[in-house]
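Here come two complexes built around subunit A, the first alongside subunit B, the second alongside subunit C.
So, the complex of A and B:
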């Protein structure tokens, strides 16, 4: 008995010491959970946002970069000069930058990265970002000039994308499994199906981050996400999958909840090539049959901002066009009758896994049913959705959030999955791309928003909110998501 | 006494479920195709005895129509199992030891060897998720159960004198199987049918839970459970009600199966007496 008692006392003394030890040392590791695991780790060769979500700004950097508020600032390029005719950009690179494998970052790497991205056989998911580049010239190791074929007002913005990060020729072979960048963290380990680990890059050229070890965990199941967060197995969950649980985290002093805006326009994507959806009257009828507020309340538990066009409401050029498609089921029935479909019609509604789509889909289906449009709902996994809907164009309606920033240009691509073909808009987007004057660009952007809204290309539902649930002591997380990223360079634990 | 109590309680529980499903064809307290989002997640009250779900639909109405889905899937699945399994079992028994018997029984073993739910998931994943494919998947796994049961019941019957008499009278094997063997394995089949029925309801709930059963907007108990999953911590009734519905149906059918066996199987009756 006595012996056991001593052992117990000893054990508790040990435990006490351990507890004190933790309290005294500043915590420098963090475990961040994300919903989706990246398919591989090369942000320059896939459309998967999950790759940037792990690597952007942490491991890879571009010449320019996005900040948490959506602004574009200097990255690996210290500064730049733009010629009078807006065609030549001269970038002055940061000095003393090395890649994680020790090789020096020079103008050659910039030339290699940009040439690789815009090459004929490039697999870059956003080749359009680079298509105006005519040539990339190395002036000296720290200076690079990029010549454009035509002026491009958003060129510096384009270079901030995760698809435009700088990679090194020496390490390009293994980039998909062992990415080598210039960022504040270097890749350490990837346990497929579970986690990606990063460690601090002690040779980082910029301000040293407060964190030394970073683990990204991948949890797609909302119930598991809730359990892991509540048990504090994870320190933060970026883009938390179940908005219905947020009030509980709000009420718990251990946690903080950030409700940020994202670039995700959540839309009822419509196959513009499939009768009867190719008739603008039918699409208008769908638009008027939808009650956005119900969808936001029912599917997102109130989290989200109604939109009337494909543009983020926090952008200064946004035009509120929600009135174009106000909830009016009577008008909707009338429009269907005018389109020669007084009894409605039947179409498919294919839904990817996120809850905004699955729950939103049920609400949309009920609202469409009320005006006589029957939908056959099919729930699809991501791979099936990409194959059938995004690449196969085999769908009538689908619900999806377009999370790329400033992506209104997709409406000028008739081969894009919703197959909208309007030469007027295509011309307008072409003019926009060649315009550098901010006032003129703003005007053109507003025109484009109005055209697609009045053509009812898709049903415009709401701007997706990005809830981040985190330990209350963590500071410096991005609240908004101007691009898909989890920038941890400025994150630290409060004392 | 014990056996009648089982039968009575089981029958009563089943009656509740069946009555709910039948009434739902004519009337439900609320129209579940209309979403009433401002009234979502209400706790049970007089207006909504089981509360409302995350879309403001009346859960009682959903459960009633969900019972329809569950019963329909289970009935057809058991029907497939019996319709194909029983003749196969009779055929195998009438050719005992022959190559037909071997093929049928080894085929059965093959189907038995796979975990049924995993194969059901595979079937629905390949052919697409729908109530129909769930029925097919569950039905296929009922076939060997009935085939084996019928065969073993029939084998002992083939040894009996009245069968011998029928053979002497010149009746064909097929005719004997259907005229004499089948009526005598009927009791076994009814009891097993009840059990399979309850397993069918469970399987449908399981498939719907993982999203491979009936697709929205058709309500299904399994999907109601799945939808409720993230809301259990603040709206437990969302998960409890469909859970209780599944328990009611499965428990009722199992009790009824037990009761029926006691009633129909003379050997057990003798022991009890």
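So, the complex of A and C:
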């Protein structure tokens, strides 16, 4: 506190001396709150989104990176050449990049990072991203060649994930508690259970960020989140956990509210192998029994975009298929009768902890009851959900937000927990993976969306929103969340 | 006194041994695998197996229990599955929040409860007594997390005297840290002091009707003198019992208060560890709390003997 005061006084004195005549210096520190604390600080060995929320693009960078609008641009690789057969990628690396410990970033670090992620004993949570890599060769310190076993149209996209960031062999030992990356901010301190602090990396190769000090605080309780924001103990809250308070922040000129979209398709996942849910008529009946808007209003306080398939609406390739499953309880009852279940049936509805599932689940259950489908609701902790539903396939219905970007490929995996087995779609996804032409990819993606929508694989509810509450003077925060990240490189305080 | 103390010590050790087995079994039986939790829904089975091996989860339960207990005897609680830091270090960091908070709250509650209880007992049936008892009734009825929110609303959001939560650390200075613990300590202390005040009052009233008090009065002591010289010491036995229980509760039971004020204490650690299935952290923290409860009870037993000499000879 005292230190900050002194610093501020010093800065203002300096400003006065310079004849600027301003009483207060530009603020360059920020305190951002997140709901969950990262378990550790290695984005390449855990699925926890909180790790990327703190470190992605701030501390760690990949060869390519996501921008706030979801596009993929060059990162540590300034350019690349792709061979005719789409199998060989030659990456030309940025020159003059150093890690925060002072060691130089070279092609060896790229090889180390990619080989580590795809190794046999790798604990990378998204190991599948690297599956197609056949070999990684260092050509010279600033050139690296990656050869694929088969063409992969989303390879550059895959490299932008937080799980594909470049780490250095020299500092890998301590990565979980003292991460060393190449980003615009370097790790300074972690008070476990409380906060992570970052400071500006003055040797950064790219444009210097406006902020000099960043503190991430972890506040899990929604009421505490509201209090901390209102008391202005924190400057911004990303993925603000209490949507019911948003109108209050809207009305307060001290704050701004960003209502962004995430990559989270929130769906009523259905066990496609469990009778009677294996009958497409029954799944169609469920789809028509659901009134999406009332779930969005009731469970999410109006935040969320209705979806009719497993695809993010902000993506240019999205097709609006909500009409396939318009709310029509009469049609739903008729479909059940056609499926030989005029009196409905009983199934399980297993709900993980997030409020979209718990609150949404009650509404879904009521809507299903109205057409004669009884559900037995069980509330599960995440660990139990993973064990029973995700790995054990022991469920009828569940509600879950699939937050991985561009994950429509999961429908081509018959062993995936909703157990949808459609050879036509599997072939289509295979073609898609091997296609690099953007126009052709777009067409295939749209076909895939239509197939799963018309097969009523799951009940498609809504795209999860990410509300961000921030001080009104902060600019440059990401509105949408194309990946779980809090990119602060472009954030600054307005005058 | 020595024999009495040794007997209590033996029962302390037996309780700890039983507790370690129960804690280990209960927590290991709970469903959910820490490795699959960490790796999420896209992980491949071989990745999960690799992480299980890295965490040392692929050995038998008996082996894990023995190495856990063996480590604890040497003061080593093992390494956290998620944080990958030594559990001993994590607990040590958190204790510096939870223990001062519990002590702060206990001090506050004693400072409120003792005068209030004594005052009410000495004014039995009069308006003063009725007012104090009414207030304690309210103090017991109000849930501490609700009271905490009220404190935040008034003192952090409206008056801006305190921050809404968080803990700057003791490095920032004693009073800065103490200030950050003030609202949580008040929220924890108030319901406790209400209970304590009631116990104090009824215990004193019991004593006041004892024969020795009549004798003291007959010797010529005033009502107040008799209360201070003979009554208070005798009334302390039940009060100490409650205080011992309360301290354990404050240390372990601050979970909700720690959530409301986002304090990096033991309660929050255990809360996070349970949801992440960080079994070793859960087991170790629970064990530590059990140890502290048993230890406090042991100390309270010794304190009884100090205030009541009859207990020493009775055993």
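Assume the second predicted complex is superposed on the first by the 472 of 495 C-alpha atoms of A that agree within 3 Å, B and C clash if a C-alpha of one lies under 4 Å from a C-alpha of the other, contacts with A are read in each partner's own complex, and residues count from 1 in each chain.
One rule holds in what follows: contacts are C-beta pairs under 8 Å (C-beta built on N, C-alpha and C of every residue); 3 or more make two chains touch, one makes a residue touch a chain.
None of these values were measured; they are calculated from a predicted model.
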Practice task
Go through the superposed model and pick first if A:481 touches only subunit B, second if only subunit C, both, or neither.
Solution key: neither
Exercise for the section: Considering only the touch criterion stated at the top, classify A:378 as touching first (subunit B), second (subunit C), both, or neither. Expected result: first
Practice task
For A:366, select first, second, both or neither according to whether it touches subunit B, subunit C, the two together, or no partner.
Solution key: first
Problem - Which partner, subunit B or subunit C, touches more subunit A residues - result: C
Exercise for the section: Classify the contacts of A:142 with the two partner chains as first (subunit B alone), second (subunit C alone), both, or neither. Expected result: neither
Handout entry: First (subunit B), second (subunit C), both or neither touched by A:219
Key = second
Practice task
Would you check which partner chain A:228 touches, where first means subunit B only, second means subunit C only, and both and neither mean what they say?
Solution key: second
Practice task
Classify the contacts of A:294 with the two partner chains as first (subunit B alone), second (subunit C alone), both, or neither.
Solution key: first
Handout entry: Residues on subunit A lying within both footprints (that of subunit B and that of subunit C)
Key = 223
Fill in the blank from the handout: Per the touch rule above, subunit A residues touching subunit C in the complex are 1, 37, 39-40, 45-48, 120-128, 176-177, 191-195, 217-221, 223-224, 227-228, 230-231, 233, 353, 381-384, 386-388, 390-391, 402, 404, 407
Handout entry: Partner subunit A, residues of subunit C touching it in the complex
Key = 31-34, 36-44, 46-47, 50-51, 53-54, 82-85, 90, 93-94, 149, 152-153, 156-157, 160, 163-167, 169, 172, 176, 259-265, 268-269, 272, 275-278
Exercise for the section: Over in the complex, which subunit A residues touch subunit B? Could you list them? Expected result: 222-223, 226, 242, 244-245, 247-248, 294, 297-298, 359, 361-363, 365-367, 369-370, 376-379
Handout entry: Residues of subunit B that touch subunit A when the two form their complex
Key = 33-35, 37-38, 40, 54-56, 128-129, 211, 215-217, 229-231, 233-234
